[in-house]
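Here chain A shows up in two complexes: once beside chain B, once beside chain C.
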Partner chain A sequence: MRGAKKLSWQDIVSALKALENEGYEVLSPKKNRWGDWLPERWIPDEAPEGFLNYYFPFLKEAVFPTEEPLFFLHGDRFLPYDPDSRKRAFFCARPCDATALAYTDHFFMGRFFPDSRYRARRRNLFVIVMACQVPCPKSFCTAAKAGPWARKGFDIQIYPCREGWLAEALTSRGAELISPYADADRDDISRARRELERGFPEEVHISRHQVKDAELNEWLGLRCFRCGACVWLCPTCTCYNQSQFGKDGVKREQDPCLFEGYHRLAGGASLRPTQAERMDFRYECKFGVGACVGCGRCSVGCIGYAAMEAYFERKGSRTT
Partner chain B sequence: MDERRVLTTCIWCGTGCSFYLRVRDGRMIGIVPSLSHRISRGMLCAKGWKSYEFAGHHERLKKPLIREGNDFREASWDEALDLVSGRLLEIKRRYGPESIQVLGSAKCPNEDNYILQRWARACIGTDNIDHCARLCHASTVAGLARAFGSGAMTQSISEIENADLIFITGSNTAEQHPVIAAHMMRAINRGARLLVIDPRKTPMARIADIYLSQRPGTDIAWINAFINVIVNEGLHDKRFIEEHTEGFSEMWEKAKNYTPEVAERITGIPADRLASAARLYARSERPMIFYSMGITQHITGTENVMSLANLVMVAGKIGRPSTGLCPLRGQNNVQGSCDAGVLPGTLPGYQPNSDEEILRKFEALWGTRPPSWKGITSTQGPDAILEGKIKALYSMGENIFSSHPDMNHMGEALRRLELLVVQDIFLTETARFAHVVFPATAWPEKEGTFTCTDRAVQLIRKAVDPPGEAMDDWRIIQELSNRMGYEMDFEGPEEIFSEMTKAMPIYAGMSYERLEEGGLQWPCPSPDHPGTPYLHKDGVFRRPGGKGKFHPTEHVEPPELPDEEYPFYLSTGRVSFHWHTRSMTGRIGLLEREYPVSLVDINPEDGKRLGIRSGERVRITSRRGSVECVARLTDEVPPGLIFATFHYAEASANLLTMNALDPTALIPALKVSAVRVEKVS
Partner chain C sequence: MSARDHELPEPSRIIRIRDDAPGIRSFVLTFSGWDEVKPGQMVKLHVPEHWEIPISVSGVDEGTITLTIARVGVATTALFKVPEGGILGLRGPFGRPWPVQTLWGSRVLVVAGGVGLAPTRLLVHELSGPDLTLLYGARNPSLLLFRDEYEALRDQGVDLRLTVDSGDESWKGNVGVVTTLLNEDTVSSHDYAVVAGPPIMMYFTAKTLVEMGLPADRIFVTLENHMKCGIGLCGHCRIGDKYICADGPVFSLAEVLALQERSAGEVW
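Up next, the complex of A and B:
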């Protein structure tokens, strides 16, 4: 952590304007006329307060889109599509989404699967987290250590407090952006965190040492209707498939692991022929590898009853 | 930000989910579900998540096509429109307007369907107008209109989560109406019981509290047995029956013979289990019955529906929230295209063309008197063509060659036509027979309204431009009409909808301005009316006199039963990853990957007996044809029953099915045929 700052709303406005002057497109959550939160170009208007919630994981989408064209045929050669790595800043990002970003960074920018398209977009993404004041439905981010404030994945994190806002930076570019403003005591930030945590009860305990539970997987498998929502809404899912784009191009698209085709090999054999085995695969990934940030989106979007909410409730003790 | 998000209504089933289409650089790049939407609440099925993909497919039709020998050549709009309008006028002059049949589409918005039927009736002068509701819920429209006075789902989807009994029959809800299944799951999580009666062990059957598997085609027997148990045990709602219904005695004269033991002999459902299920239904405070094509696609489809209506009225489980009878409409706008009058004999708003006053009203509105005779249905079409009665067929967005029963028969009929015009987004199997093909716009390229299964009219909004010279369906029809001498000058869908509100009392209070805020459920008779979440409130039915009508029903054996030569029952339907004839889902990579070949479900016992294993090729043969599919051994089907889809034209179950029709609704009996199964060596 690189220091603590005390900000007024005007300070935040000037910091965001500074980002715009650096060429960033600054996006912030806006509730539209139908009641849905979507990212829109930031306009210096009223200060955000209360519940700010992107249901769709737009932060992941900025670096790892649902689908993106990769190559097109030009003569006898495949040429790459531009990765669309414009400078973008997300203001009021969710702490869980920032935590998830740290996970996808590790996946796409680590040693094993370095992804140049992801890297190009991530380098130009500036993340300003707003610590959450209200828990999302069906979330358990406190247990996943991804809320109500983020530990990683952001440039700047802002905490609402009685006198205005407190800010902390995690990166040098974040520290540089808030350097002109008044210093705060680190204890103020600790107090702000504790204040927020009081509204976020830790209801579940998550362990990386998941015990195989065939009966649970069978039960969940019967209630998974294979919609794919848990993957398309998940801020940490990284699996993708490549397929045809247009007449002679190639695209990649996020690929739900609860679909049978995900596990199918050439020749038609399946690595995991039953839905119970596919449930096991998913939960092993989410808990065994630590790829769940407890955002609760999968439980909201699940058309059956097989996502995290069901998983914990079926566990009975609400522990894993 | 340069990404636009356009709120719209889903194109697949009749649930009416809503989401934002994400558009960048004129191309759709994904979906964001609408968390605030009354029905979908942030949920979508796999098809919904990928619904944007087919519209951008490179095989979209981009120019009009005119047949030349065995091939097509591209043509200008003027040439193609002149050709079609001229040929239609010539056929009308030579053979009369009754020689022309027009088919609408439940995939198209209300406005397209309304203008199509107006063109058919006012310009051509034919009542031969129909659409795919004939294949799914024609028996619902007929049966519920007779029993309740309104052929639609009596409740709202948002009421489901408060039900205390979810009772599903003849519906694979989790796969065909997944978001409605999600509402059911919420009810179950709140303590509701789940009762499923279906020959197939569907995903909902697997998690049911009570699951009963009946022999295909025996629904009247078990429904009458329910009534028998309820009345004999005094569980019926005597006050409701006396005050709000008529015809109970006549109905009981039949139902009293269907004891659980009699029903067991017919259906195969053990008598004690059947009686327990009947008691559970009668004793529940808020039971909701859901059904779909397992009830409707029989020669007794209308009687099946009326039997369910009898059951609901006997128990007095209607007219209150979270009760009632819920037909789950299959297509995104099959409710709306029925509302818009794309049915023979039925003018927009379910107003019969046999009523002189109604004919006068439409004559004043359209400037021409619509026909007062009742036209033929799409299922009667092939025979009428082969008998020489129909000479020209105009199809807007229907792929009848693949979707109708007995494809060989349909193909023979299509080849016999003097003029076949197809208006569609892809060169479908039916379009390949056509003399002229018009390229139409797909759903993300249109403005308009869809009406979902719970009668909510919702806006669809244009997100992208159409490819090439593809034209809106309503505009193609208007262009043809003007060339044929019947002038229409609508500026767009909103103006057409405005006329619909004048023509249809159930839509009278609606406007695009109101719909912009959210859906409105019909009946909505005035601009200050909030819409109607559930019908028949307090037992006041929409029939003349306000009373519900019992109808006596009697079990009839299906027209074709298994025998020595064809020892299996065949039931047909869809899978969750494909839509109907696959013209759209076959062009969505991820969905196609999930279900890449035509599978036939066979019980493992039958598989073992016939020496067939999963993944092996099998030949299915009926009296009408033969197809080769890949076997999938599963206990989803009981021994003696196989299940196949009509998704793949080359291996379609509709090469096997027969065109035996319900005599009232003229819906084909697609759920029961007799077939034999052989391993392909």
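Up next, the complex of A and C:
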């Protein structure tokens, strides 16, 4: 943490205006007429009352789109398609999504080969997390250490408190943005965290070394409709496939590991021919590799009762 | 790999195409990264009007590399329609190569099956000499690859033994799968083994080698059939916390057995 500050709502508004002056498109949750929350251009003094979280992981989409063209053959040269890396600031991002962003940052930039498209977009993304006061349906972010407040993945995190708002910065650009405002005591932040945690019981136990359970995988596999909803909605799913784009171009698109085609090798062989094995592969990733932030979106979106909620209930580890 | 772009292919012209066997061709391609290729590594090959496929390198010469490819899927079928002079795309090389430094100076047994000779060809040339034994099998005599090189290898002292699953009238050699060439004397007289070929062939060969007394950490295999993106990002080749394309594709059998233990589905 690079500093604790006390803010009024007017301070928050002026900080967001400062971001706009720096060229950021500031996006804030806005409910449309059908009741869906979408990130729209921020309008001063319009607070997102009643916002829990987006149904779709827009923060991931901002750095890793579901589908994007990569390159194309032009004459005798390959040319890249430019990534959409305009400056964007997400106001009221949620801790689970910021935690997921920290995971995808490591995945795309901290391993074998950095992904230049991801990096270009990430550099121009400013994340302002609003710590959560109310748990989302079917979420277990406390157990995943991704809520109700974020440990990583943000520039600024804002906490509600009795006197207004508290803010902490994790990055230098975040610290710079809130530097004009009044200092707060670090203990105030700790108190605000404890206050929030009281409303978030830890309902499940997550082990990074889940014991393989063939019967559970088979049960989940039978229930799975292979629609891929859990993958499209997951803020940490990053598997993709390459395919043709236009005549001589190549694109990448997210590829759900619950689809049979994901596991198909050249010539038609499959490493995981059953849905039970594909379920095992998915949950191994979410827990073994540590890619679940407990946002609960997969459980909300699953039409077959085969996502995290079912996984934990069937496993019998839900304690409430 | 070098600072050359790992994300964007470079245009590569097909210099020469050679029909090695029915359904198997070698493509000699221009490639600026030819001098960075190590035995066992692969490149990403862009097929026009399709996408990219990971292919291991079977040969290197100044300014060119050779890829030996079996026509098995949509992309390779399209590739076989591109004539000499056609433009493809290449990026790489990627992946962990065969442990050449470990193998140098040791008695090495290379067991290859079918088109699995391609990813071991550079290694065989590197280690070529009296300390190398090459056991190579194919389904039938017409599918044996690189036949014009056998004599030269034998001249250099390589103990080359061939087998086919089913012979014809002209075939005078061994008939049977490649493991029929293994016996305890052969295995015990070698320090290391390198195995490449179809998954089922690698599985049974590795199993037989262990049963005949070769330790699992002295047997190396390639799991290249898992690979897709080649740079550890697309996720398809993940087994446990390892990404075959970036952590491998060459692994010791001991590593593979550890992976198998924590893998969802099959490794082989």
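Just so we're on the same page, the second predicted complex is superposed on the first by the 310 of 320 C-alpha atoms of A that agree within 3 Å, B and C clash if a C-alpha of one lies under 4 Å from a C-alpha of the other, contacts with A are read in each partner's own complex, and residues count from 1 in each chain.
By our rule, contacts are C-beta pairs under 8 Å (C-beta built on N, C-alpha and C of every residue); 3 or more make two chains touch, one makes a residue touch a chain.
Computed from a predicted model, the values in this text were never measured in an experiment.
Chemist: Have a look at chain B and chain C on chain A after the superposition and call it: clash or fit.
Modeler: After superposition on chain A, chain B vs chain C: fit, no clash.
Chemist: From the CA centre of chain A, what is the angle out to the CA centres of chain B and chain C, nearest 10°?
Modeler: The vertex angle at chain A equals 80 degrees.
Chemist: Give one of first, second, both or neither to describe whether A:Phe108 is in contact with chain B, with chain C, with both, or with none.
Modeler: A:Phe108: touches chain C, not chain B.
Chemist: May I ask you to decide whether A:Tyr181 touches chain B, chain C, both, or neither, giving the answer as first, second, both or neither?
Modeler: neither
Chemist: Once the structures are superposed on A, label A:Cys302 by its partner contacts, choosing first (chain B), second (chain C), both or neither.
Modeler: Touch partner of A:Cys302: chain B, not chain C.
Chemist: Based on the superposed arrangement, let me know which partner A:Asn241 touches: chain B (first), chain C (second), both, or neither?
Modeler: It touches chain B and chain C both.
Chemist: Applying the document's definition of touch, where does A:Phe281 land relative to chain B and chain C: first, second, both, or neither?
Modeler: second
Chemist: Looking at A:Val289, would you say it contacts chain B, chain C, both, or neither? Reply first, second, both or neither.
Modeler: It touches chain C, and chain B stays clear.
Chemist: On the A-aligned overlay, A:Ala266 touches which partner chain: chain B = first, chain C = second, or both, or neither?
Modeler: second
Chemist: Taking the superposition on A as described, I'd like to know which of chain B and chain C A:Phe72 touches: first, second, both or neither.
Modeler: Neither: A:Phe72 stays clear of chain B and chain C.
Chemist: Applying the document's definition of touch, where does A:Asp255 land relative to chain B and chain C: first, second, both, or neither?
Modeler: both
Chemist: After superposing the two complexes, find the smallest distance in angstrom between C-alpha atoms of chain B and C-alpha atoms of chain C.
Modeler: The answer for the closest chain B-chain C C-alpha pair is 10 Å.
Chemist: If you lay the two complexes on top of each other, which residues of chain A touch chain B in one and chain C in the other?
Modeler: 241, 243-244, 247, 255, 268
Chemist: Within the complex, which stretch of chain B touches chain A?
Modeler: Against chain A, the touching part of chain B is residues 1, 5, 7, 20, 29-37, 41-46, 48-49, 58, 174-175, 178-179, 181-182, 185, 188-189, 203, 206-207, 517-518, 576, 589-590, 593-594, 596, 615.
Chemist: Given the complex with chain C, which residues does chain A contribute to the contact?
Modeler: That would be residues 70-71, 73, 76-80, 107-108, 111-113, 115-117, 238-244, 247-248, 250, 252, 255, 257, 262-263, 265-269, 271-273, 277-278, 280-281, 284-285, 288-289 of chain A.
Chemist: Sort out for me which residues of chain A touch chain B in the complex.
Modeler: 25, 27, 33-41, 55-56, 61, 65-68, 222-223, 225-229, 232, 241, 243-244, 246-247, 253, 255-256, 259-261, 264, 268, 300-305
Chemist: Of all residues in chain C, which touch chain A in the complex?
Modeler: It comes out as residues 6-11, 46, 48-53, 72-73, 75-76, 87, 89, 199, 225-226, 228-229, 231-236, 238, 240-241, 243, 246, 262, 264-267.
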